[in-house]
Amino acid sequence: MSITTFVIVSIIKIVITLVVLLTAVAYTVWLERKVVGHIQNRWGPTRVGPFGLLQPLADGIKFIFKEDLTPPHVYKPLYIAAPMIALVFALTSIAVIPVGNWVTVAGVQTPLQITDLNIGLLVVLGITSLGVYGVALAGWSSNSKYSLLGGLRASAQMVSYEISLGLSLVGVLILAGSFSLRDIVNAQAGTFWGFIPRWNIFQGQFVAFFIYLTAAYAETNRVPFDLPEAETELVAGYHTEYSAMKFAMFFMAEYANMITVACLASLLFLGGWLGPLFGPPALQMVLPLFWFGLRVFGFLFLYIWVRGTLPRFRYDQLMAFGWKVLLPLAIGNLVVTALVVALRAG
Amino acid sequence: MVPLSYYLALGGILFACGVTGFLVKRNIITIFMSIELMLNGVNLSFVAFAAQWHALSGQIFVFFVMVVAAAEAAVGLAIIIAVYRTRETLNVDRVNLLKL
Amino acid sequence: MQLHLVLFVIFGVVCVAGAVNLLVQRHPINSALSLVVVMGALAAEYLLLGAEFVAAVQVIVYAGAIMVLFVFVIMLLNAGEEERTTGSRIALLFGVPGVVAGSLLIAWVLLSRFGAQAVAIGALPGPPKVIGWLLFHDFLLPFELTSILVLIAILGAVVLASHPEAQPKKER
Amino acid sequence: MTPNFHLWLIPMLPLVGAALNGLFGKRFSRQIVAGVALLACGAAFAMALAVAFQAGSLTLPHSELLAQWIRAGSFHADFAFYLDQLSLVMLLVVTGVGFLIHIYSVGYMWEEGGFYRFFSYLNLFMFFMLTLVLANNYLLMFIGWEGVGLASYLLIGFWFTKDSAASAGKKAFIVNRIGDFGFLIALFLMIREFGSLDFEQVFHGAGSMNPETAGAGLLTAIGLLLLVGACGKSAQIPLYVWLPDAMEGPTPVSALIHAATMVTAGVYMVARSHAIFDRAPTALMAVAVIGTLTALFAASIGVCQTDIKKVLAYSTISQLGYMFLACGVASYSAGIFHLMTHAFFKGLLFLAAGSVIHAVGGEQDMRKMGGLRKHIPWTFWTMTAATFAIAGFPPFAGFFSKDEILWQAYSSPYGSWVYWLLGLITAFITSFYMFRLWFMTFFGEYRGDAESQAHGHQPHIHESPKVMLVPLVILAVLSICGGWIGSNRFEVFLSPALAPTEAARTVEVGNLEVQFTLLSVVIAGLGLLLAWWLYHRRPQLPSQIADAMGRFYQAVLNKYYVDELYATAFVKPVIDGSIRILWRGIDQGVIDAALDNGARGAGEISDSMRRMQSGNLRSYAGWIAAGAAVVIGYMVWMGTR
């Protein structure tokens, strides 16, 4: 594969990924409004298009055309930069996420992934860990006490839960022996006794999955850990002073992060794109994408379900839970996994 | 191919910037960041030497430096908070009680 | 490969610019962000040197954790613009010339020693597995000692930062 | 293959005893302490006997290497032990008499505090004395030499709460240092000349020197320096002053250390070094002169002493003078013979005196004794044997040895009639003061009662316990029979070790020997008669004579003012010099001043330097940066050179 082809293929993949991702973001918002609405015994959006399906489009148009207010007391450079930082990092991390196997299109064989790094997981972690800057800087540069509190909460919460998140993944890493997300998925191929898939969640990593789930909710500032934007206390937290497109950026960043987290969960614990393949070759090429999408959808649905049913934590409870429950649990899981692997190996 | 001396020079510049920052900045936090800058300059030369001499131990040292830097950041920032709590300032020129 | 040199120069310039910006900026949060930039660029340099694991850890630990702590503290203490006090003439009279002199000396030595040698890029990839092996075999003792150091640092930080009057509250 | 006797065990056993008693004795009962001490010493004696019985089948000299000690280039000194006829005799005397005195001490010290300490010291002394005797080089001998000095110091000052005892200990130690100084310089000279301190190598080196030319000055110097050492240890003029004061120690100590063994170390050393002295006639003459003068001088002081132990102390000095005289006329075997018999009867005298003191409740003044014959018969009879022995009556031991010395003083090629005449006079005085002691103590009426009663307590005069009497009896037997070996046989026995050099006794003055012998017996008898006349028949006469003698009596009574002379001539200048030069001049003026001024200067410098401590973080950083630049510059400069 020549450099030119490589560049062209990469550009194509980037464009497709971004389009799909942004669409997914938009329709995740719609899905959330719909699901939460039904949970709360109401309809959700219904007016724009059938079942309100065009609502995201309407929202986008509204955001774009709304007046971009910049309060006079803000620290301008960072006030402007903060939402961009948040969105950029949220979108970047999708780059190393594989969504399926290698495919051959027009004689060019390429992985369904923008780039395959052998430290892919670390890159994802690194980039998501940078995402906190957007929130923190937004909170600080707004020069408003609600924003500042939101930013403080966000940075403390994200730094704290990042540890548990990382540690919960180490068990998976030990089982797979690689940082490459593709290798991790491939390591989950096969079944136990012919019918239980060898997903990591079935290989004893269900504790890790639970930890990951919880930490991921905190990382994405979602209910029940949405303290940085807790409406009842902080108006809107770190994005209190934002409006229009800047607000939309935060909004998109949050949902993009959710999708990334859901992808990661699918890849690491639920066997990624693995699933039964049948039918003609064209179908066999598309089926992994379907299986993968199904898992991500399920995970996102879980997100929304939790949002609709659980109340918000108090902030000290949040920190105590992270440090005193999740972290020891993650360490314990790591130790047990390491012991088991070591015993099995030798 | 990039000569080793380029990497070393870059590391040296970062280190010198760090020292200069330590000398001219008044804000404790910035001074502390200057220290991190120095450490980063050293780390770069570690990695460059590791590549030059084909010895991975150079990279291992970087990890240790990072761990020490993390520990230092935790303690240092705690100290800064404690200082701020008592002195109500972050200017090192105003924190000068330790003298005869 | 000229590409490597070009990339090196680009990221090197970013590095130096970030470092200089750290010095020039008077608000600590700008300095902190400059430092984040420096660290990101350094991670790229590490990648150029083939040390991909170091690069990742550089981003995660330095940019993602340590610098977040800095920003957090700056926010927490609401640090303002730097005052221009002249508490120390020594630092300017002796320190800065000292730094310049020392740097020049070192630079001269380095250039005269290593001027001609070139680093084979990617000659030494640092795969995580090998690094892990080294860390847990050849460097096990330092590793464990460092873990103790970190533990002590955690305890120290908790003790230092906690309010002296703060009483442990009972969870209800 | 030569048999290995494990000679090292002989000194080591007492050391173990000393360690046990010294470290744990405080918790032991007295019985255990005594048991440990006696066992250690007795085992050493038994081993010595065993060695002696096997010595016949042995090629002497016999030496055993225990361990290497110092190896420096060609020079070496080892922990090695040397056995020949001379050290065998010394070994037997030291362990034998030492063992008896140990037994005696159990009884004598039973009531005293610090019982374990006493026996620990005593065993320690045995260790060092045996090391001294058995050493096969001068350096090991010097260890023993110093060690016995230490033990002596500890034991003289045993009652350290008594001021006089403590200062007597210090005096003994310091005076001995003067002698040791000479000894050490002699050792240095030996190392320089012979490159070794081994007896065999040194004597071989000395023997190969031409006494008339090359070696004369050197050997004389070594000999004189050794003599200085011997004078210190054996209490000869001018270093004798410590021995009378040493009587402050417990009486068994006086018997063991300051009569029988340690003080004879000097004689042993001279005899051991005979190869050097034989080739240094001047040094030899110095030995003889010092010996003769000491004998006469000390005896004359002894006449006027009233303290029973002081009399014996001066007597000891006097007898040591005899031994030196014998060595000084190159008749070493006679000296060693007298050393042996003297160990018996002087040890006995001290022990008996101790028994007397014990009997009268600690009184040492003879003027407050008298008539004790009936109360303490065993002590009396053993004391009598010892007195006759020292006075030189046949067939007691002292007769043989003293007679041999007098004869050798006259007949030896190095001898002269002057030595003989002075020796004879000394013999007379010896006989006189010893019988004076005898009469004053045991005859007449008891003179202590009245005064003691006035103080309100009745001294119960009692015989000593058996444990004290048994050694007395054994020593008495030895004092009587010890000389029956005969000096000639003794000389033959010792001759391999003390091989007479080419200056053999060719001069035989025929029958004169018998007449001389008769003469000395008559002289001893005269001394007895005079003492009987003055102190038994006419007890008031001595004071009249003393009055008549006036100042001379005072001088003798005050030991010829030698202590006072030393005090003004040596001690006071040293103290004054120490105060003026060392203390005020050097210590205060130089050392203290340097320190004070240094501290003051440091303070002043710091005063200006503390401006650096501005309390400003960035200033400190500036200093560090400047310093680092200097260091980097230095390193670059060093690297590029």
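By letter and in written order, the chains are A, B, C and D; residue numbering begins at 1 in each of them.
As a working rule, a contact is a pair of C-beta atoms (placed from the backbone, for glycine too) under 8 Å apart; a residue touches a chain by one contact, two chains touch by 3 or more.
Just so it is clear, the model here is predicted, and its values are computed rather than measured.
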Chain separated most widely from chain A, comparing mean CA positions: D
Most centrally placed chain - per-chain CA mean versus overall CA mean: B
For chain B paired with chain C, centre-to-centre distance based on mean C-alpha positions, whole Å: 6
Cα-centroid distance, chain A relative to chain D, in whole angstrom: 101
Chain centre separation (chain B, chain D; CA means) in Å: 76
Mean-CA-position distance for chain C and chain A (Å): 28
Touching two or more other chains - residue numbers and ranges from chain C: 53, 57, 65, 69, 74, 76, 87-88, 91-92, 95-96, 99, 102, 106
Interface hub residues of chain B, defined as touching at least two other chains: 19, 23-24, 26, 92-93, 96
Of all residues in chain A, the ones touching two or more other chains: none
Pairs of chains in contact (touch as defined earlier), listed by label: A-C, B-C, B-D, C-D
Residues of chain C that touch chain A when the two form their complex: 29, 33, 36, 52-53, 56-57, 59-60, 63-65, 68-69, 71-72, 74-76, 127-129, 171
In the complex, chain A residues that touch chain C: 78, 117-119, 122-123, 125-127, 129-130, 132-133, 136-137, 139-140, 148, 151-152, 155-156, 158-159, 162, 166, 177, 179, 320
Contacting residues of chain D [partner chain B, same complex]: 610, 613-618, 621-622, 625
List of chain D residues in touch with chain C within their complex: 614, 616, 618-619, 621-630, 632-633, 636, 639
In the complex, chain B residues that touch chain C: 1-10, 12-21, 23-27, 29-30, 32-34, 36-37, 40, 43-44, 47-48, 50-52, 54-57, 59-60, 62-64, 66-75, 77-82, 84-85, 90-94, 96
